[in-house]
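Per-chain numbering from 1; labels A, B, C, D, E and F assigned in written order.
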Amino acid sequence: MTKDIVSEIKRDYLHNLAENGRREDGRNFNDTRPISIELGLIESAEGSARVKLGQTDLIAGVKINLGEPFPDTPDKGVLTTNAELLPMASPEFELGPPRENAIELARVVDRGIRESQALNIDKLCISPEEKVWIVFIDIHVLDYDGNLFDAATLGAISALTNTVIPASRFEEGEDYQLEVQHIPIACTIAKLGKTLLVDPKLDEEKICEARLTVTTDENGDIRAMQKGNDGYFEVDELKSAIKMAQEVAKNIRGQFTFLQPTAQ
Amino acid sequence: MTKDIVSEIKRDYLHNLAENGRREDGRNFNDTRPISIELGLIESAEGSARVKLGQTDLIAGVKINLGEPFPDTPDKGVLTTNAELLPMASPEFELGPPRENAIELARVVDRGIRESQALNIDKLCISPEEKVWIVFIDIHVLDYDGNLFDAATLGAISALTNTVIPASRFEEGEDYQLEVQHIPIACTIAKLGKTLLVDPKLDEEKICEARLTVTTDENGDIRAMQKGNDGYFEVDELKSAIKMAQEVAKNIRGQFTFLQPTAQ
Amino acid sequence: MTKDIVSEIKRDYLHNLAENGRREDGRNFNDTRPISIELGLIESAEGSARVKLGQTDLIAGVKINLGEPFPDTPDKGVLTTNAELLPMASPEFELGPPRENAIELARVVDRGIRESQALNIDKLCISPEEKVWIVFIDIHVLDYDGNLFDAATLGAISALTNTVIPASRFEEGEDYQLEVQHIPIACTIAKLGKTLLVDPKLDEEKICEARLTVTTDENGDIRAMQKGNDGYFEVDELKSAIKMAQEVAKNIRGQFTFLQPTAQ
Amino acid sequence: MMTDEIQLIDESGIRLDGRRADELRPIKIEAGVLKNADGSAYIEWGKNKILAAVYGPREVHPRHLMNPSRAIVQCKYNMAAFSVGDRKRPGYDRRSVEISKVISDAMEHVVFTERFPRTTIDVFIEVIQANAGTRCAGLTVASVALADAGIPMRDLVPSCAAGKIDNQVVLDLFKDEDNYGEADLPIAYVPRTGKILLLQMDGHMTYDEFDKALDMLVSACEEIYTIQRDALRRKYSEDASEKLLAEIQNSNLASIEQPSILEGSTDIPPEDSTIITDNRKGGGFND
Amino acid sequence: MMTDEIQLIDESGIRLDGRRADELRPIKIEAGVLKNADGSAYIEWGKNKILAAVYGPREVHPRHLMNPSRAIVQCKYNMAAFSVGDRKRPGYDRRSVEISKVISDAMEHVVFTERFPRTTIDVFIEVIQANAGTRCAGLTVASVALADAGIPMRDLVPSCAAGKIDNQVVLDLFKDEDNYGEADLPIAYVPRTGKILLLQMDGHMTYDEFDKALDMLVSACEEIYTIQRDALRRKYSEDASEKLLAEIQNSNLASIEQPSILEGSTDIPPEDSTIITDNRKGGGFND
Amino acid sequence: MMTDEIQLIDESGIRLDGRRADELRPIKIEAGVLKNADGSAYIEWGKNKILAAVYGPREVHPRHLMNPSRAIVQCKYNMAAFSVGDRKRPGYDRRSVEISKVISDAMEHVVFTERFPRTTIDVFIEVIQANAGTRCAGLTVASVALADAGIPMRDLVPSCAAGKIDNQVVLDLFKDEDNYGEADLPIAYVPRTGKILLLQMDGHMTYDEFDKALDMLVSACEEIYTIQRDALRRKYSEDASEKLLAEIQNSNLASIEQPSILEGSTDIPPEDSTIITDNRKGGGFND
């Protein structure tokens, strides 16, 4: 994601636009691109969602296995998140084991889900020290036009809301719906010069000095944050960014009825 | 195995020969090179064979361990095949984990053995879900002069015919001979222009447009096939190739008395 | 550790010095550099030591886990040694999995500890075939100025002398001091021309034709040796080198009171 | 492959999913489904769901793979972790390495690789949901993606497998049949030229069974070829797609100096091309 | 992060290790502790023990990472196998890859990278003993090592984390608190310019709690900044270190044509440097 | 290495396999056993069965290993999966990396590497069946393979191990002895020059025991040296092999301008060679 790919001309153009209160695609600074979510498209998965955020396109799939708990949390289920930046998604993505960017993406999504306590991992324990459900979230990025953090977090939580625990396959009783206690929504703010803007598309993401991903729950509480790039935020910018993120997340929640906890 | 290594001159020469019904080493199109098989040369292996097919030279070794079955086949033994294109065998082979060609070789050999039901994997189960025999076939290629598929399959099945299950080492009773139910023989046909020829040596293998490996059992039934290279076969060529392969396999069977099932 | 880094001029200079009975830093041929050992500096480790041998600087840490014995030694604990040539220690060290030199270092240290029977691995068995103590020795090289073999062996044995088995953490009774039966000391002799010299610093190590590491126990008996580089020793040189190593080891033993067996 | 008690074909010759022995599963192909790729396509074949994307011709990495006289075609077949019953560990395994190789060989035959020396044409096949027959479906959709990328090629490549269940030769096994089937025979067959570009087989077939299977596969590939062409027709304007498909029809007559209209939209424009059109995105060619 | 029965703060607001809510653990930094590295520093922060070493500017490997217009800053955060309770497998894992990335981003902001095109500045952070807060301690010590290496930079970068235990916002969690804490908020904050260069958070915080934590962190970073400067003062002669620190103080005023005195001692001398001094080893600058 | 109740030497000093303390296992060497390699040899040493093959001098990969002033010698020792009791996972492990290193060092000493700057001489040692002592047998057969490849070299390198069983120093442990032995001392010793090129040891030996072992090893290496020379004699015509061996005999007297007849048959002909002969394959030199 080197900045050299976007030419200096493009950089100046986008900065000038921003100084004049505008964005290349006509959005306001606090507008996201159009979001579409298709649920349950993968029958082989326990839960799934395809998210399109503008032209960023990805699938999140949930698979659930029976396994052993970690020794230091013998009475809790296991959650594990992986992201694949498929080489089909961008000429910049390469074959091979996940690089830095894929690892960061997976870890930021994971923290959003984990720290919001979206899942009750106590309930994923069947028999302490012996048998627990292992929840795998796999993000496959198909087309990359910026802001994977928000799209991937949205994919992950959406897939979880339609996940069925395949208990019968493992002879552990009947299948049942996975409970989702909280709905984390990630919102990424990019900083261009003095401007803060929401949901950066690829060109904006490449030239922004800094970005901040803020994942909030349905109460607006902060559950995870990640600053990126070699630029900086001042304290006031940071506070504004968080408030923007809270607003946007609320807005996204309103667009999709399934983005609601199924359990308390 | 890039074709660029053999010069255009060599290519034209071999094509011209083929058009005139001849091969560089004087063989007929349906002749294999001389085959020698040395059985049981590796005392540390449960079974072994060294196969020389012309100047292609390899050792197949069988090792047997006690282990657990795969969860989805709890009452069956395990067969696993690996091939090493040792760098000593050719200046083209490199150190490191197995590449594409070694993987394809191992998988084609494996399919020949597995799909012909050479082994009765039900009988390799000692205690369902708990203990089965794991049969490792390892092919070590020592000298490479073309047509590894046929030589390696011959090595694998020959090694299996002299394999003893080391039961006493694992305190599972007395050692006993591994039963071999079927004898798969692979025969590779190369296509040069309009000519089909059997057992291509390295030069022929490098310039042929396409090759077809056909593995047949003692009844002439087809158990595995693999087409290679970026050329094509027409339907009639394909049928001729299969019939050639059946003939050649029968011929090879006749050369070695041990190439017979030891069980039904 | 290519020799080309030290220029020919440096090489000639050091050879000339040696021919005249001198070394660059003024030491006699059988002098080691100053040695300092700090014990127990790593609280998170079961045992630890930081060794400075001149400007070579490393930490040896011991961690102990509960685990299963190897199948072929069901009634013995497990000892495993690893060395990391951290890229911070030298511009020549690279990131990534351990290379040849790190592997050789770990194995030579390991042999010194193992073959001297420094640990009584029978006593590290808690329950045969089921539970044994696994002793991990990790060497982290922080600054590299030659002769890692001696420094690392000294670090490993020093760390072992202050190691406490963390039995209580694994609910196996109270913590207790690891017994050390023997104290192996490694001494490396470098050969420059006809000169044998002890504890080569980096410049000497780079230009020496051959080196010999001799690990001896408190009785002067030989427990491990490793010759290095593409030069040679004659039989008489070899014998002299071993005697020098025995002398030097005795000398080092005298410098540190804790370098004594804690058990017989 | 194993024989078992389960009956897979009933007395009237109908299979578990209601098909006849020589009947394909429903196949839908859509071209041009991704933004970044130079070409792309999506296939649903029964319950298989597969995306293909093409990049290139572009620079070769690592450089030692570069061929000074032609392009290389590198297909990479990959299964999503969630595409199968038990989660698959992400990344290429031995099976996907082999499948990638045989698919690459088939594609290399139809692409006019000699026009793009020193480059690579990368084809990524991503199996999103798998239900037996993914290598054939993957190859089928990959050749549509190549056409969508404007890569000049001799032909589209339809692919299909036959198998054997309850001792009968049948077309296009789905997963439950594959689990209990006795043989699997995937091929790629170009109807217009009669060329077999991919062939693998495992299981147990007599020569006569093979012969019967081959007949079925030849017919099936003709059917699939039509579906591939229809996908391109739907994607491009009537006029453009007719020209495009006519070109493919005649391309085996075309000399290298008369490339198919399919070409264009490539990073490295071929010197000898007479018509360069970007038929991938926007403009008059789009539906 | 989990809530539990254990009480981590007593009635009078004192934590398990005797600290108040807004109190840092003891911090000691020493500059110039290694021989081979171009610059180095050691930090003890509570029970954390961390070394940092700097090499560069030097040639980039692998070469495709090279930036023709500036240096890249590559920080590698690594934990020793024996630095934690259960032995850690040697080598980089996913956590250390992420931490290395966010630390590299922060360092890249302060280094005058444009002066050393086509080079890399490598920073190795080795955690010898870990007790929560290692990424902040690692970044803190790394910027002292960079200064010790004479790399021209805009500023030192102090870093610290706040957290939440027993529902209260507190500064600088140690391990026992971290195990049972409800949130963790590491930042890097440059007091003189008010720039936040690193920020991560996980756990559960209301906006108001975040606000309170940020206040604490800003104060803490000022305190740590002083400790960093003192470490350089102790290492270098009074005169040299005053000049050096004054330079850092004013370096945001300095144009690129007037580099900080910190520069020098680099393999590739910048063309525009007016004062080149080796302040790493020997000579008058040493204690 | 462990001591146990099992008696490994009987009262009359005879070992389990009938040998005396200072007796070698039977050794057979054959040169020139592979077609593709530039040189090759096969050894049976007791129950050890080992092949060695040589390629080179040839281009170095990866290129950063290249030495501008001489050839590098890269020996790779590898064990076949089926060469030992429990199947060995294919590929290089830590043990084989170390053995490869010490063997490479020994070979590098005897090859006239300065004649082939910027190249590599690759030696592949493949253990087909292992029964203790494979590194010595591997080095022994590798130097015959180097000679067979026509690589100019100072000498052949015989290698052997001594050990200690039942508290006695004995020569050339076989597997059962090795399992219960108390020490292992492999060396490579060139009889004509008295040079020790490889030496490792583990176990427990007094200085006097070491001294005794060394005496045994020196004699043993003389014996093995003869077997190596006989292998070359059998391979080449009487005349050629005598010249070849005489050359090796005298090669330490030979200046670099008078290379051994062993050279030739290399891809990069040395400029200073006076006699270039392909003594590997066919022609009058063959048996």
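In this text, a contact is a pair of C-beta atoms (placed from the backbone, for glycine too) under 8 Å apart; a residue touches a chain by one contact, two chains touch by 3 or more.
Computed from a predicted structure; not experimentally measured.
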Duplicate of the B-D contact set - from C-F, C-E or A-D, the pair where over half of the pairs recur: C-F
Cα-superposition angle relating the copies chain F and chain E, to nearest 5°: 120
Most remote chain, CA-based centroid, reference being chain A: F
CA centroid of chain B to CA centroid of chain C, Å: 49
CA centroid of chain A to CA centroid of chain E, Å: 28
Separation of mean Cα positions, chain F and chain D [Å, integer]: 53
Whole-Å gap separating chain C and chain D, where each centre is the average of the chain's CA atoms: 59
Multi-chain contact sites of chain C, meaning residues that touch two or more partners: none
Where chain F touches two or more other chains, by residue: none
Pairwise touch network: line, ring, star, complete, or other: ring
Cyclic chain order when read starting with chain A and heading to chain D: A, D, B, F, C, E
Chain E to chain C touching residues, read off their complex: 34-37, 40, 47, 49, 51-53, 55, 58, 61, 76, 78, 80-87, 90-92, 122, 124, 126, 128-131
List of chain C residues in touch with chain E within their complex: 41-45, 48, 55, 57, 59, 61-63, 65, 82, 84, 86-91, 94-95, 97-98, 136, 138, 140, 142-145, 169
Touch list for chain B against partner chain D, complex: 2, 4, 100, 103-104, 106-107, 111, 114-117, 212, 217, 220-235, 238-239, 242-243, 246
Residue numbers on chain E that touch chain A, as the complex places them: 1, 67, 69, 94-95, 97-98, 100-102, 105-106, 108-109, 185, 190, 193-207, 210-211, 214, 218
